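Structures for review follow.
Heads up, the next two complexes both have subunit A, just with different partners, subunit B and then subunit C.
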Partner chain A sequence: MMTNPSKIVTQGQFSFLPPLTDEEITKQIKYALDQGWSLGIEYSDDPHPRNTYWEMFGNPMFDMKDPAGILMEVNNARKTFPNYYIRVTAFSAVRGVESVTMSYIVNRPKAEPGFGLTRQETGGRTQRYTIHSYATDKPEGERYK
Partner chain B sequence: MNDSNDENSLPANNTLADDALVNLEAEFEDSNVKEVLDKLDNELIGLVPVKTRIREIAALLLVDRLRKQFALSSETPTLHMNFTGNPGTGKTTVALRMSEILHRLGYVREGHLVSVTRDDLVGQYIGHTAPKTKEVIKKAMGGVLFIDEAYYLYKPENERDYGAESIEILLQVMENNRDDLVVILAGYKDRMDTFFHSNPGMRSRIAHHVDFPDYSADELLQIAKLMLADQNYCFSPDAEKAFSEYITIRMTLEHFANARSVRNALDRARLRQANRLFANASKSLSKTDLMTLEAEDILASRVFLEGKLDMDSDAIEE
Partner chain C sequence: MASETMKEGKERYKSGVIPYKKMGYWEPDYDIKETDVLAMFRLTPQAGVPADECAAAVAGESSTATWTVVWTDRLTACEMYRAKAYRVDPVPNTGPGTKTEQQYFAYIAYDIDLFESNSIANLTASIIGNVFGMKAVKALRLEDMRIPVAYLKTFQGPATGVVVERERMDKFGRPLLGATTKPKLGLSGRNYGRVVYEALKGGLDFMKDDENINSQSFMHWRDRFLYCTDAVNKASAATGEVKGHYMNVTAGTVEEMIERAEFAKELGSIIIMIDLVIGYSSIQTMAIWARNNDMILHLHRAGNSTYSRQKNHGMAFRVICKWMRMAGVDHIHAGTVVGKLEGDPMMIRGYYDTLLDQQTPIQLEKGIFFEQDWASLNKCMPVASGGIHAGQMHQLLHYLGDDVVLQFGGGTIGHPDGIQAGAVANRTALEVMVQARNEGRDIWNEGPQILQNAAKWCAPLKAGLDTWGSISFNYESTDSPDYVVTPTASS
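For the complex of A and B:
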C-alpha cells in the first residue's frame, strides 16, 4: 500500500513521469537559470520522505549561465554514486535566503524495495502508524547494490 | 528560400532538397553579425589583420550554417583562439566582441565572456587546482573563456608547479566540450611561443592564431580622439598637434603600451586641465572650457621636458 504502483520513490517534481533524459534535465536547468536561481546537486540513500537534508555533491553552483556545466556535474555525481538517489535542487534568493524552489530526482537505485507500514499499540487501544524504508535496514552505504 | 522546389524538400528533418537555393546575404542579415562587424570597424582603429581574420571566421561559420540546412554536416569547427600582441593592442576588447559574434552565429549559447588569469585557475596546494579550474570552466560553459597572460599557466622552472594540471584539464575540455565553450588565450607573442613550444597539445587544439600588430602614430591619435569623445572631452587644434608630437616621442621611450599608454596620457592631461581651470577659478567657465584640452595641458608632460617618463605614469606597468 505504501509503495505506489510504479514501485519507485515519488519525491519532488516529475517523479511520476518516466526518468528524465539528459535533454529534459538540461531544459529544466535552463529554466531555473533563466529565473535567476542557483542549482545544487544532492545525494542520499535514505529515501524516507521526511529526510529533507541530503548530502551535497559539491557546493551549490552560483553565477552559472549555461546548463552544460551543471549537467556535467550531474553526470559526475551519477558516476560517483550510481546506486544512490541524486536530485537537482534550485534555490531562489528572492527572500534573502536561498530557499528551495525546484527539486527533482535525476538518479535512483536499480531496485527500490519500498516502504513498510509499522503499527504501534499505545494506551487505550490507540494505533500509531509510521512508515519505514526496507532499504534502511542495512547500514549506510550498503543499502542499494 | 527554397521556393524553387518545395515538394522535394523534406520538412520532417528540415533538410533542404539538393537543388534548393539558399541566400547567403539573407542569412547574413538574419544573424545580425553585420552590426557587430560594423561596430568592430568603427570602434577599433587599425588592426587590419585581426579584422580580416574575424571576418573570415564569421564567413566560415555562416557558410557552415547554410551547409547544415542541406544536411551537409561537418564537425563543429574548432573555434579556440590565441591572441598574441604587445600590451595595449586591444586583445581583451576583441575577445569581448568575439563572444558577441559567436553568440549571434549561434556557436555559443549564452555569449558571455569569463575573463580569468592564472590565479583563477591554479590552486595553492595539491588537489586544489582541479576543482578550481573546473569551477571556472563550468561558469564559462555556453560562452567564451578568456585566459589572459596564458603563458603564466606553465612555469618550466618549477616542475612541481600546479599549472600543468590546469592545462591538462583545459585540453580535455577544449577537445570534449567543443560545442559548449570557446577558449581564447592571450599573451605577449614571444612568451606565448615558448608556452606553445612546451605544450604542443595546446597549439594543435587552437585553430586560430591571431597576431595583433602595434599601432602607428596616426592610429594612436585617432584612438585618443575616440577615447576623449567617449568621455565628452575634445582637443583644441593646438592640443591635437601637441598630442601627436607626444605620441611620437612616447613611442620611442621604454614601457610603451600602445592604446593603454594613450589612455594614461589622456588621464594625466585631464588632471592638468582641471588644475589649470582651478588656477583661474575667478573666471567663469563655459561648457567648451570644461570640455577642451589645451596644448599646455599636454605640453606640461615630462616626456617633452626631459624626454623621460612622467613619474606617475605607466613606468610601473609593463
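For the complex of A and C:
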C-alpha cells in the first residue's frame, strides 16, 4: 500500500478529493465543453509518473458536445477496464496552448501497490534513481487482478 | 519631417547649449513605426523646466544626445538615431490641489536600429542607462514599453514555457503548488532535504531554495543538491507524481553557476533557479543553457523592490516582467495580491498578463499603456509567494487564475500537525476550489464555506484554517494605476 497521506496515486486535478460522482464528473465535462475543449478518455495499468502515453479509449471526442454522451463513454471505459487507471483529458486547440488543459482520474484499481525507488550508487556521493511501478512486475493485462 | 520647434542646419549645430526640444528630440506629430521601440516614462520635472523639454531631455539622453552640441552628429544619419518624445500627458490626480507634485506621462519612440539584437543589456543601457540621474528631472519612472515584433524575434524567450512545463510535469488545469524551505538560513543539507521530502510527499509539486541560499558555511551547494535530489525522487515514488526542487545555482561567477547547473542536470533535476541580482546577461546565458539542457528556469526577483516599488522613481515591475520574458526565464515571482508583499490587484493582473498573454491590449487600469504582440514567445509562469495560506484559496484562484505557482512556505511548514499535513491542507483546498469554480459556483462569495465543508472530511485543512483562517495583510499599495476611468472629452 502507498504511504502518502492519501494512500493512492495522486496524479491529476482531483486526487485529493473523495472519488468524483457521475454528477460531479458531468459538471467537469460541461466546464471543459464550455471552454471549447475536446475530451478524451485514457486508461493504463502502468501509472509511472513519466508514463505519458496511456492507451486511448478511442480518439478524443472532438465532435461530441453533450456531457451525457461523454459520461456514457467514461462509464463504458469503466465497464471495460474496471481495475485500471482511467483519466479524462481535455484538449485545447487554441494557438498558444494546443495542449492538455484538464486531466483527472475517474477510475482506479482496487489496490494500488505504488512504486519502489531503486538506488544505484555511482561516482562520489551521487546516486542514480529509478522509480519502479510494482504493478509492471506482471505482464500487461495481468497487473491489477 | 522635423517639427517646427526644431532648429535646422547651421543654426542647429552651432557650438553651445540649446534646449533638447530644439535639438530634434521633441516631435509631437511623429508618425510611430511598427518597428519602433516605445517607452513611457512618468516624469517629475525640476521646477521651471517645461514638461515637453523634460521629455525631450529624456529622449535625448537615452539615445544620442549629450549636454552640448557636437558637430560629429553631422557625420551620421542623426535624425534616425534621435529618440523622439512624441506625447506628454499630465498624470491624473497630481499637481496643484493634490498631495502629489505635478507629474507627466511622456511617450518616447526609438528606432529599432538603436539596439543590438538579443541583448537586454544593450536595450537597458539605452533606456535606463543615464537618464534617471539627470538634473532636469526631479524623478523619473519607466512605466511601460512596447517591444516591436521584429526585435522580440531576436530573443529566445522562456527556455521551457508554461505549456511545455505543464506537459513535463504532467499537471494540468490547476495552479501548481510550491513552498520555500524555511528557515532560510542555517539548515544542514540533511535537515533541509527533510523539509523538501515531507512537503512533496504531502502533495506539493515543487519545493524551492530561497534567494539567499547559495553555498554558505552551514550548507554547501553540493550537499543541498544531493539531499534534495533524494527527497524529490523519494516523494515522486511515494505519490506517483513528477516533483521538483528549484536548485538555486546563483553564485559569484557565471562559470560557477554553469558548474552548479551541470551538477543539477547530472542528478536528474528538472528545474534550476537563479536570482535577478545576477544581472541581465547572466540571466540570458542561463536561459540558453536551460533551453539546451531541458531545464525549467526559475527566477527569484531578488532586489527588484529597490527600484520598482516607489511610484515616482525607478521602473514599474511590469517592465521587468517584459524584459525577463524576453531574457528567457520560465518562472518569475510576480505578486500574490493577498499576501504579505506589496501589490494592488489590477497592477498584479497586469504583470500576469504581461507574462502570459499572446497579445496584450492597452489596459490603463492595469498600468498597461501599450498594445504588445508577443510574437509567439513562450509564456512565463508567474509565481505567487509570500504570506499566503489555504484559507485564501478562493481569492488566490479568483485573482491569479490557473497559470501560476502558488507558494505556501510558512503556510506548509508552519502547519500545527507537520509539514505533510500542511501540504495536504493546501492541495486539498486547491483541488476543492478548482472543482467548485469549474462547477460554476461563485467562489469569491462561497469560498470560505467551500473550504469549511472540505475541512469536515480533511482534518489537516481544518487545522490549517483554524490556525490561519483570519490572517490577512491589508495595507494600501504604494504602486497603483493612475488613470481616468472615462476620459472626458477635452474641449
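Keep in mind that, in the parts below, the second predicted complex is superposed on the first by the 138 of 145 C-alpha atoms of A that agree within 3 Å, B and C clash if a C-alpha of one lies under 4 Å from a C-alpha of the other, contacts with A are read in each partner's own complex, and residues count from 1 in each chain.
Going forward, a residue touches a chain if its C-beta (ideal position, glycine included) is under 8 Å from a C-beta of that chain, and two chains touch if they have at least 3 such contacts.
This structure is a prediction, so every number in the text was calculated from the model and none was measured.
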| field | Clash or fit (per the criteria above) of subunit B with subunit C on subunit A | value | fit
| message | So in the superposed three-chain picture, is A:66 touching just subunit B, just subunit C, both, or none of them (first/second/both/neither)? | response | first
| message | As a test of reading the superposition: which chain, subunit B or subunit C, is in touch with more residues of subunit A? | response | C
| Touching A:117 in the superposition: subunit B (first), subunit C (second), both, neither? | second
| task | Considering only touches as defined above, state whether A:42 meets subunit B (first), subunit C (second), both or neither. | result | neither
| said: Quick one: is A:103 in contact with subunit B, with subunit C, with both, or with neither? Answer first, second, both or neither. | reply: second
| task | Give, as a whole number of angstrom, the minimum Cα separation of subunit B and subunit C in the superposed three-chain arrangement. | result | 16
| task | Provide the residue numbers of subunit B that touch subunit A in the complex, in ascending order. | result | 109-110, 112, 131, 137-143, 177, 180-181
| field | subunit A residues touching subunit B - in the complex, by the definition given at the top | value | 58, 61, 63-70, 72-73
| message | Applying the document's contact rule, which stretches of subunit C touch subunit A when the two form their complex? | response | 163, 166-167, 170, 172-174, 201-203, 226, 229-230, 233-234, 236-242, 266-268, 358, 376, 379, 420-421, 424, 427-428, 431-432, 434-435, 438-440, 457-458, 460
| task | Show which residues of subunit A lie in contact with subunit C when the two form their complex. | result | 2-6, 9-11, 13-18, 24, 27-28, 31, 47-50, 52, 89-90, 95-104, 114-117, 125-129, 131-132
